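In the two complexes that follow, subunit A is the common piece, with subunit B as its partner first and subunit C second.
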Partner chain A sequence: MTPRGTFRLGLVVLVAALAVYPAVGTGYGLRAVLQIFMWIALAASWNLISGLTGYVSFGHVAFFGAGAYTGAILITRAGWSWPTAALAGGLAACVVALVIGYPCLRLKGPYFAIAMLGLNEVLRALVSYFEGLTGGGNGISLPTLEATVPVYYAMGLAAAAVTLLTYLVITSRFGLRLMTIREDEVAAEAMGIDTARHKLYAFLLSAAGPGIVGALAARDQGYIEPISVFPLATTITMIVMVLFGGKGTVWGPVLGAVVLFVSQELVWARFPYLHQLLFGSIIVAVVLLMPRGVLGVLQQRYHLPRTI
Partner chain B sequence: MARPVLEVERLCKSFGGVAAVDRVSLALEPGRIYGLIGPNGSGKTTLFNCITGIERRDVGSTRFNGVRIDGLKPYEIARQGIGRTFQLIRVFPELTALENLLVVTRGSLAGAEARALELLRFVKLDGLKHEYAGNLSYGQQKLVEFVRVLMRDPSLILLDEPAAGVNRTLLNDLLEAVRRLRDDGKTVLLVEHDMKVVMGLCETVFVLDHGEKIAEGPPGVIQADERVIEAYFGR
Partner chain C sequence: MNVAITPAMLGQVVVSGILAGALYAMVALGLALIFGVMRVINIAHGPLLMLGAYTTFFIYQALGLNPYLTVPITMLVLFILGALLQRTLVYRVVDAPELSSLLLTFGISIALVNLAQLAFTSNLRTVEYVTGSYTLGPLAFSKSRLIAFVVAAALAGLVFLFLQRTRLGKAIRATSQSREVAMVCGVDVQRIHRITFGIAAALAGAGGALVSVIVAIQPEMGQIWTFKSFLVIVLGGAGNYPGALLGGVLLGLVEQLASLFLTTQLSEAVAYILLVLILLVRPTGLLGGRQT
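The block that comes next holds the complex of A and B.
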């Protein structure tokens, strides 16, 4: 069997195993896998804009928060079912991306990163201020509902969808054009590529996943407040997962999400204070020793396609 | 005189009070090779950047096939049919040689791939089509950049120092390619410091000095021009 065939077979087996897991798994195990799904969707989404175009977003959790609030408000105030509310959360995140992307994507390098950081703070301030709709600092409590297993499947679907989307983008000419923006934006323009439009499309695609996942997380946790859905730490975790796994690849964000989540979980259980130290050390080590990430190094050394 | 492909009229561009391009006018007829020479810092690259929209001109106009293009975005100008290379190579290093060509195309991917392979074969790089452009030698990257321009089949091609850093054998192929483009009816404007290349290839030469056009004419006449000699060697 070819390596590709083996890989595909392994993937099918893995997906099947994850699909039947809720029938046999423990409560803790189920929650852990659900969280991994969420991180895969978040990291892979960040990779779509930042890994491909090189525009580093330091406020990507803003889309997660926008989705969480949209979902929670629709569920509590309008009585929507959580799956439709989750899709609406994705749509709301895309609307935010459209409004903010148009001006911000003109900024280059660190200025874009800082603008995105600012967006996150603005959104957090807004939801705190409009108490009538969002409950302000008191947050929103969702009606009690035991939905861990359905949310598990929804999260899994979101993770799979964003990964599939990444595959489709990276293997297309559209994806290559996004990469030219990272490689040399001026040359891309001079070659007839409408970089502004391409950046905006990538930004919209990268916002949808976090929006959907945010609404699902809100349903899963049953309670949201400004500080719980707009934490900078979530953005940083997405970035570290992608950098660790390999930016600009299909499976890099998946690998990063799994490895970092599992190691964090293991260390967290034993050394509640030390895990921050370990996490920080990983960031420093990755940036210094292998800025391309695990799969980026393999890709470069063994001439593998980006679809790894 | 045939209708000019490109007409630049009294184009000005300054950077903080220094006039990089000062009231430059020139007209390019179709199917000819033009040279643009001048000492370092005389405004050649800035003129290229203004024509291709990478720099915004302060005053003046640029017309391409009679239509004004100054004020358009670089990608819009490129789509009108103007292609260019850069003085310092600007290939996409983490894309393969083949991807560097495919990425600038639109429409059918199969057609684009056939054309890309043909062009890579033409510059003898088909064996390296899956190599990252950043891993190629300087000369090879230069060739990738050159054929990348041809992918969109532009009618006007601006080449910024195509001969610099390219070995003699490769250079002859490159010059032959430029002549063949001219024979296909395309117009070429090239910045070049290698006078042998300019004199052997160009039918008309423009000379810039301190942003101003100080001479224009056939290479033989330009070589003997007092002002040109003065610009290069001083009085």
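The block that comes next holds the complex of A and C.
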């Protein structure tokens, strides 16, 4: 069997195993895998904008929070079912991305990064301020619903969808154009690429996933408040996962999410500040020593295809 | 909000806005210097301000020294720290794509904040030195903010003079205009980069020292300053140092005005909306282009 065939077979077996897991798994195991799905979807989404175009989003958790609040409000106020509310969460995140992305991505340079740095705090302030709709600091309690297994599948679907999307983008002309922007934006323009529009499309794609996942997480946790859905730490974790795994690759974010989530659960959850300090150091170390991440190094050493 | 706005209140807003503005401008000047000379946005600028505040707090606590007298010491400490950061880490990404320098300084920022959490705990610390305010007719001038205004304006003025008049300042401006030509003229560009980063960190440190007398100190106080400093730069026009002064005062005024009508928390949202609007309408800043 060719290496590619082995890889595909392995993927099919893995997906099948994850699909039957709820029937045999423990409650704790199910929750852990659900969380890994969530992190895969988040990390892969960050990769779509920052890994492919080189424009760093320092506030991606804002889309997660926007999705969580949209979902929770639609479920509690409008009586929507959670799967449709989750899709609406994705849409809401895209709207936020459009409002921020349109002015900031027309410009080259650090404007986008800094605008994203502030976005999270601003959304948190707005959510706290409009108490009538969002419950302010008291948050929103969702009606009780035993839906761990359906949410497990929905989260898995989201993770698979974003990963597939990344594969489709990276193998498409659209993806090549994005990577051209990353390597040399002026050259990309000279070749006739409408860079502002391409960056904006990539940004919208990268916002949808966190929005959907945010709404699913809100349904899963049953309670949200401004502090719990807009933590800076979530953005940091997304960035670390992608950088560690390999930015701009299909499987780098997946690898990073699995490895870092497992190590976080086993060791680091007990030392929160040390944990964040470690994440900061990982970012510094990867940028200086291994800018392509683990997968990038493997790709180069073993001449693997770009789509791995 | 059902509050009647009197002229006195508006006057107060203008006073408070201008007082806050000089501080914003001075801190932003540091960020603008690094950006102008190295094309690097230092995400860790705010956390450096936080370290400055802690430096002043510990000197004040240990020696009982007047916190305003600690400003030179704090600036020296931060200058050394900044030059060290440049020498060990940041110099490697000066020529790299923007993604690298942004991520690197972001990583440094996270590391600094969490080191502070570990070393100093997240307890609120305060430097209670001058409280109260001077009154002039219906207007109140908070003493600590007035002193901060004077010191910040003086320091910003000194940096301008330094850049304009001294040989080192000229070398810094030359490097920011064209590194290659500066190199040909015999400027040690690496050294200039270290000094620039040091001065920028010292300005952040001075900001921290001044802020420590005004608000409570905690490890996460800094991050918002990175954002605000950048906002000041965008308002004034990137690379336009006098523009930073105008931007700082404008940001102070907008924030004060917003807090008159809305909550303080939401005034940050107003500043953010201001940033997005400026980028939409006039991305080169109010005073326009790059003049070094």
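As a working rule, the second predicted complex is superposed on the first by the 282 of 308 C-alpha atoms of A that agree within 3 Å, B and C clash if a C-alpha of one lies under 4 Å from a C-alpha of the other, contacts with A are read in each partner's own complex, and residues count from 1 in each chain.
The criterion applied here is as follows: a contact is a pair of C-beta atoms (placed from the backbone, for glycine too) under 8 Å apart; a residue touches a chain by one contact, two chains touch by 3 or more.
As the structure is a computational prediction, the values presented were derived from the model and not from experiment.
Peer 1: Just to be sure I read the superposition right, which of the two partners does A:G192 touch: subunit B = first, subunit C = second, or both, or neither?
Peer 2: Touch partner of A:G192: subunit B, not subunit C.
Peer 1: In the three-chain superposition, say which chain, subunit B or subunit C, touches more residues of subunit A.
Peer 2: C
Peer 1: Under the stated touch criterion, which partner chain does A:Q276 make contact with: subunit B (first), subunit C (second), both, or neither?
Peer 2: second
Peer 1: Between subunit B (first) and subunit C (second), which, if any, makes contact with A:R177: first, second, both or neither?
Peer 2: first
Peer 1: For A:V297 in the superposed arrangement: first (subunit B), second (subunit C), both or neither?
Peer 2: After superposing on A, A:V297 lies clear of both subunit B and subunit C.
Peer 1: I'd like to know which partner A:P103 touches here: subunit B for first, subunit C for second, both or neither.
Peer 2: second
Peer 1: Quick one: is A:I308 in contact with subunit B, with subunit C, with both, or with neither? Answer first, second, both or neither.
Peer 2: Neither: A:I308 stays clear of subunit B and subunit C.
Peer 1: Across the two complexes, what residues of subunit A are contacted by subunit B and by subunit C?
Peer 2: 182
Peer 1: Under the touch definition given earlier, write down the residues of subunit A that touch subunit B in their complex.
Peer 2: Residues of subunit A touching subunit B: 173, 176-177, 179-180, 182-184, 186-195, 248, 303.
Peer 1: Flag every residue of subunit B that touches subunit A in the complex, lowest number first.
Peer 2: 52-54, 73-75, 78-79, 83-84, 86, 90-95, 99, 102-105, 109, 130, 148-149, 152
Peer 1: Would you pull the subunit A residues touching subunit C in the complex into a rising list?
Peer 2: 50, 54-56, 58, 99-100, 102-104, 106-107, 109-111, 113-115, 117-119, 121-122, 125-126, 128-129, 182, 232, 236, 239, 243, 273-274, 276-277, 279-284, 287-288, 291
Peer 1: Would you tell me which residues of subunit C are touching subunit A in their complex?
Peer 2: Answer in residue numbers: 35, 41, 43, 89, 92-93, 97-100, 102-104, 106-115, 117-118, 223-224, 226-227, 230-231, 234, 262-263, 265-266, 268-269, 272-273, 275-277, 279-280, 283.
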